[in-house]
Structure formats: structure tokens, C-alpha cells
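The two complexes that follow have subunit A in common; it is paired with subunit B in the first and with subunit C in the second.
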Partner chain A sequence: MTSSIATNQTILVVGGGISGITAALEAAECGKQVILVERDATLGGRTALLYRYFPKMCHPTCGLEINLRRLKGNRNVRVMTMAEVLGVSGQRGDYAVKLKISPRYVNAKCTACGDCAAAVEAQIDNPYEYGLAKTKAAYLPHAMAYPMQYVLDPSIIGTADADKARAACKYDAIDLDMRDETVEIKAGAIVWATGWKPYDAAKIQPYGYDRFANVITSVEFERLANPHGPTGGKLLRPSDGKEARNIAFIQCAGSRDENHLRHCSRICCMASLKQTHYVREAYGEAAKSTIYYIDIRVIDRLEDFYLKVQQDPTVSFVKSKVAKIAEDKDGNPVLHGVDTEGYHRYATAHDLVVLAVGMEPETNGIKLPDDILLDSSGFIEGSQDDGMCGAGSATSPLDVNRSVQSATAAALRAIQVVHKTSTVEGAR
Partner chain B sequence: MAEMKTAAYICSGCGLGDKLDIAQLGKIAQKEGKMALVREHDFLCNTEGVQMIRDDIEKEGVTHICIAACSRRAKTEAFHFPAVAMTRANLREGVIWVVAEGSEHDEVRQEMADDYVRMGCAELKKVKLPEGNPNRTQLKSIMVVGGGMSGLTAAFEAAESGYQVILVEKQAQLGGWANKLWKRVPYKAPYAEPQDTGVAKLAAKVSSHPLIKVHLNSTIAETSGAPGRFAVKIAQESGAVTEAAVGAIVQATGFTNYDIAKLPELGGGQANVVDQAGLEALAQAANGGALKRADGKEIKSVVFLQCAGQRDDTAKHLPYCSGHCCATSIKQAMYFKDANPEVNAVVVYQDLRVPGMGEDFYRSAQHKGVIFAKGKASGVEPTGNGCKVNYRDMILDADATLEADLVVLATGQVPSAGVNLDIWDTVVREADGGSEAAKQQKSELQKISVLNLNYRQGPDMPQFKYGFADSHFICFPYETRRTGIYAAGPVRRPMDMLQATEDATGAALKAIQAVENASLGRAAHPRSGDLSYPIVRLEGCTQCKRCTVECPFGAIDEDERRFPVFNEQRCRRCGTCMGACPVRVISFENYSVDTVGNQIKAVEIPDEFSEKPRVLILACENDAYPALDMAGLSRIVYSAFVRIIPVRCLGSVNTIWITDALNSGYDGVMMMGCKKGDDYQCHFVKGSELANYRMSKIGDTLTQMGLEPERVSSFEVAITDNARVAGFINEFVAQLVKMGPSPMKGFG
Partner chain C sequence: MNDLNQQAAAHYGKNFLKEVEDRVEDGEWVKMCMQCGVCAGSCPLGPHWEHSPQKIFRMIMAGKRDEVLSSDSMWMCTSCYNCIVRCPRKLPITHIMHGLAHYAHKLNIAPKGQPTREVARLFWNSLVQTGRVNELKFSLAVYFKDGFVRGIKNALAMQGIGLKLMKAKRLNPMEILGGHKCKDAGGIKKMLAKAKEIEDRRQGFSS
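Let's turn to the complex of A and B:
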């Protein structure tokens, strides 16, 4: 089935994180027709799960609010959530894209009243908390979810819980007969804004992410600091719920390492510097943050942020690639290694270790169209005939600011494709 | 235009019907709200409910609708009626989700809902459907200032998208800094070798592009107008002036290298010490062969000193990192190694900063035998035949030296952003005061200005930190303070060539968007698509100039008689001018002193014996209002004595709203806006700051009214503050209760 919702003048944006939202809106605000597809149940992507941005320490949801308002007011963008690209055929100016739409089991009649969640008993790992918390199997992804609709987890379909959810809904919004659907759409240009994923920390064996409860990743730490997160914003360590006051940050966890990610992930130094602010915010002078690093890569104007952290007496820096982590009898992770500034050996216990994990392309492990050109880490460089391009952290490990620049540029590249298609057709 | 016909729709879904007396709300809408049509529905946002509204619009001729249901942020797809004016009374997130459970709260909950219906109806009567700025233009050409890599890219990308481009370059040829490079840092896999810059090819494509007109040896003598109708005077070196009309502007004026002469301690000024530009010149001269010094000696050993005059915390040199210099030194070290692997090339660095795939380039240099030493240079001395570098080896924690034929200082990028507007303001003030020196200085500043804008806010784009013309926002790097003018490349932030070309492509898109918006009469980001625009009733204007001074976007000029002249295409629709106006002659069709004032007056104020205080909350719609909504979503309880009105920005708050509220018996007013200060969050620049300033002036008025100044208070609320904001409300209300009722009650 080829739906009539798009033509070769339509721009398809794959991925609804900040880069995809930006690419879609920027093109749409130039008057172009855009379809924005997102695999998850909500737009927002990974930035929506961050607590604060460096260096302004402002909240990502503030920008998301503006972007969602732009989106709500712009009829040029059609958003499809729970939609995944299965395949792309055709070429520049004339693509046919096959999409799989997974069932949400909740339709657009949903008012987000929450009655279904109250009725359901089963709990699942909350996919928006990196598994740090549970949620009801009927849930709203988060407070800024768009569309503002609940989702039923597939695990309860066919169980009594699903029936309870349906019975609780006064608005006929729960549809348990929804099935996987495949649709095909046309598009003239495709922007891949598929983003990044945190490198699997368990693969860095000496750090024991899979063995020690108190070794967590930087993205998980963002959730701990967030008042909307699993601990209500308290920095409680997973093993015993104790306040984590003495926290180690290990840089280049998986990055700059040919056994793991060969590239530098760019953002992690600033992210850890930012996270020392969270510790200080929580405990004041009683906070203790230690950053284990190879080089502190805070590029350009961000230098003053680094300087401010260096001046904070609660933060210290150790130039060292940590060799391994062990655990003492109290469940404290103990870091072993050599401080290369002066070559001292150390064995230092902390309450909690935060691994500044690297950024890996989300599409690693997913088959992309053959035309797409990738670099050695799997980031998208472009396509053979320039009909498709990458945007944001799908193209390189980028911070939010640079991702948005990249996505804005990608929007123009896509506009050029459909512009030339229409000029050629106009000439025919 | 058709006669105004109003209708109110009251939803009883989502538990509204269980918690509230819907029939009473309907009665209020009809009797007090004077709605011509009132309908209730048990599920207003479903197909049937929406169809009912559509039918009323089509068949009953309804022109104005008030939807009393959920928050204005919810169900926007369902409640999309572009042909009519609409208000929303927030009964769900704003009432039943935040008022404490239990029948003991039924009365205050109902009163709150009653008031929101009154307010929605009252607002509706003052709202018009925005028709868009009538001053539309169809001028869609784009001017790019600067013909370096960024400017060439912006021009080419815009032209390839079908837009006419005028490219203005100061020098006699295109290419800028890139012309001086032998090679560039790689920007494609495998990130191992220096690559051709490609600048000559790009310059040729630009020069021959049918949609691009290039002006060489030219600068901008004057820019006036607004997006869609900028009038530009392009001055040639010869003195000839060409006039051009353009729709939007990209400023890609690049950077200069930090002056090596300011670094005598690192050998700046010595014969065998060059900066990175100097090294490129030697490499171009060598043309792939062995590099030779100025004195003709073949260079056998070279030391690169990173962060020369950068990352400086002594306030003597540049405090920032220029981002590109580590990779640039690696590239330059490769020039030597590729010509002769025997050359000893050492890079002395503190932190080697090659993010992303730069790591592969770094590895490649290590394979070629480039030495990297973590250390900090303290001095460079001439040795007669070369240089001696003294540095602290940070690994050995010991002083060390290196001898070399040539030392390269990796100095930083200094933006060419034109005039610093803070300095401009001071100079203009002094010049207007009659100072001859200041007049002289003003004309000097005009000479270094890039754009020579004739805006009252000064001739160039406002500068962010360290003189870069950047946006203040992380999510919105193109959020400019001069609508329709976008910075691109190293003028906005220190950056390498790859980022600069990416940035320039993005800036070209924004310029295109600006001309498209101007052609449709609608606002640019962040209120993109907004069709309302400021309307001024000049006959009431007292020429006080507050609106022209306070407009954060320089949208308002003054005519010879000092009346304000609105350039709607520059306007971002924040309403700061409306908040500033003491005689209240500025309004928007759907947002005015009356639309808010009417809401304030519609609230029923209980008498002083009722023990029911009333608190007005003016909440910024971007952060505070969503935070309040999300408090509802999380069922966080706050006082039912508050009445919340969203505002476009605290800067749009006119003090008359506050005095009116207090006069009519409200017990207090809370203003909720974004963070102020250096890391301000206001997308209209200084809304909360202005509100704070204006309120500091209101204290006297309060005292004259016999009121405690604490009855009016402002709060910084972030979007994540759903729990905190409830705390603010409850504390404020408790404080008012302690203070006792307002003595103004009953006089309103």
C-alpha cells in the first residue's frame, strides 16, 4: 500500500530527538512538507531525559517546550510515533520508504487522564529511566511526552491487566486489537536524525558495570539528579540507597579506545564537569567529586566553565586512565590505577562511580540503506547521490548546540533535493 | 468582517464532571460571560465534540470560542480552529488536578473553576483573530557578508536552494583565510591525511553561479529596513556606492589570528617563531617539498606550542580555547613528516583537544612519528641558529627544554564581529552630550562596523561572550537578536572549517526562513508562525521612547517627531513594548492590555471576612506555565486561591495589570518568569529583568495605596520546577494570610 500522504516534494526525517525535531521544523517553517517518524512512543529523544545542559545549566525541556509549540502550530509537519524504517528504495528525489508502525494500543482519543495506569497492576522497567525505576505497564512516557498519549506495554496484551485498562478508559481510547502495520510512503529527500546511544558499559570489563551496583553511567546519573527522576532528584546510590557524596567520574569510558569506540565522544568531559555541579548542588562543601581523565576536552568558549570547576574545592582531577575497579566490603567501588602526573599508584574508594560513557551511533547494528556512507565508527557521512543526509549526533558525536546546527544544515540539504526535483519536473 | 458571535464549550470529561458543577459553569458563561452560545459536552476533544464546534462555526456563524476543558497546551490537534478566535479556560491541569481531593475543598475548587470560565469569556471578548502583518514583502534575496569559507558556503547553499544571493567581500578575491592554507584538516573518513581545502573550486562555483552576484573590494556602508526589505549600501574601495535590496543577511565575517606580537614571552617577534598562519605560508612556498625558514634554512626540527595566548586565566590574553588549533598543529606537523620523516616534530600541549574523528587524525600523526609532550611552555629564547623552548613537563613534573629550528605558536581566533554595542552605547551617549572626543570615536567605530545598521540599538549584532556574535541558547544556535540577520562561522564561535561550513549551511536556511516568514507576515522564532503583530495607536503616544529603548530586538525606530516606527518584520511578538508603554497604546490582536486586564477584572473577589484571599499569578508561557501544568499532571496540590494568567513574557507585563488587580481587591500578585543574569533563560532577552525593574518602581505606588510591598513578588521558575512552584504558591499564600486581607477589598 502506498499512502497518499506524501509526494516526492516531501522531506522525511527519521528520528524525533532534538536533531530530528529541529530538521523537521526548520524545513517546515520554510514552507516544506515534512514527515517526522520516531521509533519511540514520544518525541524528545535523549535530550528530554537530561536534567541540565552545560554550560548554562538550563533545562533541556525548556527548549523542548518551544519546539513542541512550534510543532503544534505547524501543519506542514506530520508526526508518526512508534514508526520504524524497514527499508528505503528509489533514489534522490524519489524514494519509497517502508515503515513499520508498532501498536501503542492507545488511540488519539486518549486524554492522558491516567485512569488506565491506575487500573493496571503489572509493572515494567521504565524505558525512560534507563531501567532505574519501574512504571505501570500503562504509562505516559514522561511529563513532556508528545503526543500526550498513554502507551500499553506489549507484555500485558492478552492478560487481565489489558482488559482492566480498557475497562477503566471512559473514552474508548484503548484498542487492544491494534497490530503491527506496514505502510509505504514517498519522499523526495531523507534526513537521518537517528541519534546516538550510550556505549554498552558492560563491555568495559575492568570497570565492572555489570558486577557492581554502584558503578553507573553518566546518562543514568542524569536521571538521579532530575527531580522528575527515580529518586526525586536525590543522589542515592543503587546498592543501598545511601547518599552518594564522594563520586568518581571516569572519562573516556569506551571512547578513544580501539577496543571499544575509536573516536572521542566530545561531550563527556563537559558532561562530567556539569555533573560535579549536581553533586555540589546536593551537598555543598561536603560534596566530593573526582574526575579521572586523559585530556580535558572542553572546546572553545566552554573553557570558562572548566576553570570554574577547577576552582571548586570539592572537585579534584586525576590524570589517569583507571585500570580497574574492585569493590570493598561496604559496597564502595575502589579505583585502581596510576596518576600519570608524577606517576603515583592509587587505590581510592568512592561512594559511587559514574562512567562517562561514549556516544555510539544509534544505528550501529541496524541495516541502513546501501547508499548511505558511514565512517569507521558508523556515523553517517552522507549518501552516494546526496538524496539522503545525516543530522545531529547521527553524523558525529556532537553536543546539543552543534547537533542543532547540523540539523538546520541538514534541513537545507533536504530542501535543495526537493527544490531541484521540482525544478527539473517543472522544466519537463 | 462578520459580526462577533461568541460561544463557550464546557467539557465534563477527565473527571471534570465529577469534581465540578458543570451546569453552574454553563450558567456563568451565559449570564456573566455573556456568551451567545453555551454548550456542554462529556468528551469535547473527541470527534463528535470537535464536530459540534465546527458545526457551530460553519452553521451558526460563531466567530469567537472559549473552550473550558484542559490546558491550552493539551489537545491542540483536536482544538484546532484556525478560522476563529479562541481562548482556553484551564479546568483540568489548572483546577481539578491541583486542588486537594475531598468534599471539604468542593467550594474553593468550584470557585476556582467559575473564575477561570469568567476569565476565558472576558478575554474572548477582547481577542481578535490575527490577520498577519499587512506589510508583507516578496523580496527573497539574501546578502552574505564575507567571502571566506563560511560566506562562500552560505551563498552557494542558498543559491542552490533557488534564492538570489549578493555576496560582499572586503578583499580583492574570494576565499579568505582558507586561501592561505596549504591543506585543511580532514573532514571525511579515514581522517588520516591533510586534504585539499577545496576553496578555489568553491569560489569558482560561486563566481559563476547564475543566482549569485559577487561584490569584491566592498564593505557595507549602511543597512536599514527589516527582513524582507533590507536596504543596503555597498561601498566599493573606489568610493562608488551600489544600493541593493535584500530580504535577509548572513554575516560570515570570520576572524583574525591573535597577534603573535602580544606573546614576546613565547618568542613572538623572534625571527624563527611563527604563528600557524606563518607556517601555512612556509608550507605553500614549499609546495609539498621540504619546508624552509624565512632565511632559507631547511627546517629539521620544529616545536608547536599549543594554547599560545589562549586558555589564559591572567586576563592578559584570550581566556577561551579556539577549538581547531590542536588539529591544525597536527596537520602542520604532518607537513614536515610527509616531506621528510626525519624531521623532529614535537607538539607541546596541555590537553590535546581533537574531538570526534579527530582522534583518528591524532593516531595517524603518532604513526607518522609526531611526538606529543604534555607540558606548558614558559619561554622561548633565540639560540643564534634556532630556538630553545623552556617548558614544564607535566608527566615528569619537571622543567625541560627543547631545541628547534622553528617554533610555531598556536594562537587563537579573534572574531571580526564589528562594534561592541556596550562601547557604542557609552560613546553615543557622550557624543550626544557634546564630547568632541566621543564624536571622533563614534566615527571610528562606524568604520569598523560590519553592517552599519541604522537601528537605534547600534550598528552591529549584539555580541555574546568574548566578542563572538553568537546566540545565547543551546537549543537554538540561530536565535538571533537581530531578526533576519544570522552569524555563521568563526565570527559566532571559535571553530574549524568543517564546523564553519556546517554552520554556514544552517545560517543560509535561517535566512531563507526569514524571507519566507516576512512574505507571509508572520513572526520568526521563537513565536514562529504567530500572525499577530504590534499595533500602535499613535494619537495617544507621548513620545516617551520606552518602547524603542526596551525592545530587545531593535524593532522600533523613531521618526523625526520622535514617534515610534514599528518594523513589524523585525518584531518577535514578545510584547515587551506593550509592557513598557505607560499610556497603553500598543497592543496585539490577540494579546493586549485589555485581554489580560479583562481577565483580571472578571475574577470574583470575596469580601474581607470570607478568609478567601485571591492571588493573581502572571506566568511566563514558556517555562512557568508548563511547570504549573506539569504540577497538575503529577497531581501536586497547591492553593485554590490563585488565579493564573499565562503571559508571552514577563517583559510584556504592564504595571497597570498589577495596580488594577490590587485596586480591585486581590491580596497579592506573583510574577513567574525565567532566570535572569548572565545565564539568562528569557528567549526575549530580558523579560524577567525588565519586570523586576518595573516592579521595583511600583513599591511607592503600593505604599500610597496603603499596601505592603511584599504583596507583589516575582519568582524565577524553571520548567522542571513543578514541585517547587507549588511550594512557592503555598508559601506566598500563607504569608498573605498572615498579613491579613488587602485593605482595598470592597473599594474596587
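Let's turn to the complex of A and C:
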């Protein structure tokens, strides 16, 4: 490995979710220079959109706040939001990375006062609510946004709304002349912390996600349960706003399926078990959660959580992969299938169905550098020369806890790559 | 024929799964079933059979040889392919069900008088005579398979359709005299005999 010596000591971290933030901080706190690029307008990724974490049921704001504080206090990390990687050339120790930076139309003078949002009339689908709610076209991504700055949606640029926003701003923070920029940066090692996306549930045709309003995904359910979400934390079903007390959770919605995702997404069993807590907390003994599963896969110590949920009389388990969903005249989804414990045929109506959708790599459909190795599901294994590596759920389906572990490991690998600059080069 | 059944049972002992893997078309897929139940829930005839595919596969793994081979469930399959399309492990379920039916028929322990089995037998018997199915004789054979009175009733009930088919030249009444055949009926017979020989050898029946 002595042949490839880093000529550049900077570590580039692609993706600013929990894994990217962690990898960047771990490397930076070891004294390395880090550039953290994020495609979105804020750091935090999908973690920031969760209501609570398993198994301790704490809120992601807590974990994020600690990390964002570490980030603010560290001079070694340079954060670039709205920056997307266009291409990577070079090799281990010496990469040139082309970035496209999209305009935010808001500069660093923004105090997040919200006057621009009040002035703007146009609304857009809120990108942080999985399509469940609208937001003004001048918006703060969410309460934990980093940087704490508003964004103008490109759709209002050139309209009267944009001028209204600028006129409303007391701090001269709105800059409508911002344009796309392309910049090139140098890095010695690259950590791909590009994360995951929920599998497109509409592709699971028999479940009718695209046909039935009351069939939603697990990530959408997180938003429903969240006090900052579209329903203010109430579990109201989309079709008629009725309280959803009798909720079905369908496991392996897309995962472990040769027609969809081949892999087990690993977190979905725990996610559904966790979400039964939300139902119980909302309705007490009147809650009713039913988990339809092939087999429950909770890993090592998380088994305790499963055992506790099994004790809950409001939660029942049906060992069966649901064959199809229909809808009755009241808009209730009706689940059809045959259970494996006795081969009983069932047709059961629920208020709401939550599909525990699988995780697929966010990078599926995006062209990655040629020398990055992917597994059969598209998860990143790294480059052959180790100059690039994956972190967190970009590498396999991981929960937040394991993503952070993976990211710390990735930071160490990246440090080893760039560290060769001073030691090996000095020795020569 | 029942010797065949006894020989097979003796040869494989309690390992019915192995027997299915060796002798049933696509039988090697059975062990891939993870018992999720999607096939059972997706089958449009599901409520009408005794054993769903899911249950049949479990019974095979549990060594329930007689119950599986004498079940009428695989004869109820209409080849709609819902199960194949939805199976998360891509088991060729329809084909396995047909393979099981064929194997049970060969061992002559498939349910007697099962309508699908009878129709298939009549179809096959007609086909092997001349290399062509004699549609008239085949239809009559199907009508009369449950006795003379039943046959007359069936024929009368289908009369209208039969006349329309004749008018449209889809059914030739002269077929009753023997009917059309392929050019080399002897060749067809030889070919089928060879195919049977190959199949028997593969299934370990040749002696």
C-alpha cells in the first residue's frame, strides 16, 4: 500500500446525515481537515425526520443537538449545504471533486425570523414531510435546521413572491441573484455517507399504496406521530382525518423479496415495534396494533424491546405476509391473507395500514465514480484502493446507533489514508 | 402401478422432501419456501382447496407423503400464476403444483375421479392416438365420463355451443369417423415413448 501516498490531507465527507456528521466530526476532532457536503438545504438527513429512536425512545433532536454543537465548535470542518457531487477523478490520496452548488437565495445574514415566509404566498410540497404537508415557498427546513437559515424554493424566483420575500427581510439576507455554481475541491480520502431512501411503496402493487389513502409508509407514520409534523403529533388517517386507533403494520414491504429489494432491511421490525408505542401512548388501552410479519428480526440486545412489546395486550402479531389490501366502503383498508400458524384465511379491516418499507441506497439511480464497488443491492463497499469508503446506511441497512459506529470506523479509515501523506512521504 | 408407489416410498423412507427434489418437476425449489403465505392468500381458488401451496410445501418438508400425494389441491390449480408473480422467493409454484399432480398420477395415488385428472387423462389418451386431439371424441368422452345419463344431459346442455362451433367450422362432425391425424402418427408414438423413457430414467423408475 505504500505506492499510493496522499498528496492532499483533506477528507471529503459526502452526505450530512447522522453518519456524515459523525464521520466528519470524528476525523476533525483528530485534527484532520474535513469538508462535509450535503445536497439538501440542511444537515440532519432522514434522522432529523424521525419522531423517536429505538430502543430508548429518545428524540433525535437530542442526538443531533450534541453533534451540531460539536460541529459549531470545530474549525476543522467546512460545511457546504445544497452541494452535490458531480464527478470524482484521481485516486487514493489525490482526488479532484467537482461540486454543483445550488442557490439558496438566502445568505448568512439570515436570522431565521420568518418574515419572508409570512410575506410569500406560494406553497410547495414540504420536502421534509414525505408529501404529507405543504409549506411556504420560503421556508426553514425544520426546527433543527443547520445552518439555521431559510431557503427560497427556485419555483418562485422571478415571480412577485420573490420580491415580496426580499422586501420583507429586515436583514438584507435575501439575494435573488444567486446562481448555480460549479466548484472543484481537492481531497485525499472520500467518505460516502449518502444514506438511504425508503423503497417506493407504490411498486408493491397488491398493497395499493398509490390507490388507498389509508395505506401509508413507516416514514410517513413517523411524521404523523411527530408534534412538529403535519397533524401536530395526532395519529389522524389521511382519508378523513379520523383518529386511527386500529393500526396494522406490514413487515417486509419491499424487503426480502426477489421482486423488490433482495436484502433484509433489518431496521423495519424494530421500527414497527417502536411505532406500536406511539399508538399505545396516543390511546392507552383503546389502542390496537397488529403486526403482520414473516419472522421478527430484532438484532441481539434489541430482543428485550421485542419481548416487552409482546407483553403489551394492545399489540398482536399475525405470522403472515399479507397477500393483498382492498378497501371497504368506509375507506378502511382490508387485509387479505393466510396465516402460517394454522393456515387460517383472514380478511381484516383496520383504520390505517403502515407499510414497514425497506431501505434502499439513496444512490440507486445516481452514477457513482467507476472505481466504487457496490453490492448486489447497490450499497457502497468502497473503492478497491481504499481511498474511498462508505459510512452508515450507505453501506448496508443500519439503524442510527449502528450508523454512528459505521461512520466512526469510516473516519478512522479515511484518517489512515490521508495520514500517509506526512509519514510515508516524509520517510522517502 | 401400486408397486411403483411402494418402491418409491421404500426407496426414500421418511425423506419425502428428497423424493420430491429428485422426481417432481421443479421439486428442488420446495425447500426455498419461507412460509410467508403470500401464495395461499393470493390464490383465487384458495378458499376451495384443502391445502394451499404454502401448506403443501410445509407438508412435504414434514414428510407427509400420503397426505400430499393423495391431496386434490394441486389438481385445482388453474395456472393463473398469481402465486408465481408474488412469491418473494420466486418459487415456480404453479409448475411445482403441476409436477406434484403429475407425479401422484404416475404413482396412481392421485384422487380417483378428480375431474381435472379425468379430463387430463382423456385429453392425453386422445392425443397419443393420432398426434392430434380429436375434439369431438374428446368432448363426448368428457360428457360421458360420469355415466350415460349424465352424458346425455351434458351433451344436451352443450348442444347450442356445439352447433355454433360447427357453423363456424371449428368442429367437424365427420371427426367421429376417425378424424384428422398428423403425418407420422407412428413417429409421434415413438417420440412419446422415448420421452417417457428419459423421464423414467431421470426419476429413477427404469429397471
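In the analysis below, the second predicted complex is superposed on the first by the 419 of 428 C-alpha atoms of A that agree within 3 Å, B and C clash if a C-alpha of one lies under 4 Å from a C-alpha of the other, contacts with A are read in each partner's own complex, and residues count from 1 in each chain.
Simple rule for what comes next: a contact is a pair of C-beta atoms (placed from the backbone, for glycine too) under 8 Å apart; a residue touches a chain by one contact, two chains touch by 3 or more.
Source: prediction; values computed, not measured.
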{"item": "Which of subunit B and subunit C A:A411 touches, first, second, both or neither", "value": "first"}
{"item": "Subunit B versus subunit C as contact partner of A:A189, first or second or both or neither", "value": "neither"}
{"item": "Touching partner for A:V215 - first (subunit B), second (subunit C), both, neither", "value": "neither"}
{"item": "Contacts of A:K321 with subunit B and subunit C, given as first, second, both or neither", "value": "second"}
{"item": "Partner chain in contact with A:A394 - subunit B first, subunit C second, else both or neither", "value": "neither"}
{"item": "Contacts of A:V37 with subunit B and subunit C, given as first, second, both or neither", "value": "neither"}
{"item": "Subunit B versus subunit C as contact partner of A:I156, first or second or both or neither", "value": "neither"}
{"item": "First, second, both or neither for A:R266, with subunit B first and subunit C second", "value": "first"}
{"item": "Partner chain in contact with A:V77 - subunit B first, subunit C second, else both or neither", "value": "neither"}
{"item": "More subunit A residues in contact [subunit B versus subunit C]", "value": "B"}
{"item": "Those residues of subunit A which subunit B touches in one complex and subunit C touches in the other", "value": "256, 319, 340, 343"}
{"item": "Residue ranges of subunit B in contact with subunit A within the complex", "value": "13-15, 43, 45-46, 70, 74-77, 157, 160-162, 188-191, 311, 313, 319-323, 351-360, 363, 394-395, 397, 465-466, 468, 470, 473-478, 493-495, 499, 502-503, 505-506, 508-510, 512-513, 516-517, 525-526, 528-529, 622-623, 626, 630, 633-634, 675, 679, 681, 683, 718-724"}
{"item": "Parts of subunit A lying in touch with subunit C, wherever the complex brings them together", "value": "206, 252, 256-260, 294, 319-324, 336-340, 343, 345"}
{"item": "Subunit C residues within the subunit A interface of the complex", "value": "34-38, 40-42, 46-47, 52, 54-55, 85-90"}
{"item": "Of all residues in subunit A, those that touch subunit B in their complex", "value": "18, 25-26, 29-31, 51, 53, 56-67, 70, 72-74, 108-109, 111-113, 140, 143-144, 147-148, 170-171, 226-228, 256, 262-266, 295-304, 307, 319, 340-343, 374-377, 379, 381, 396-398, 400-402, 404-409, 411-413, 415-416, 419-420, 423"}
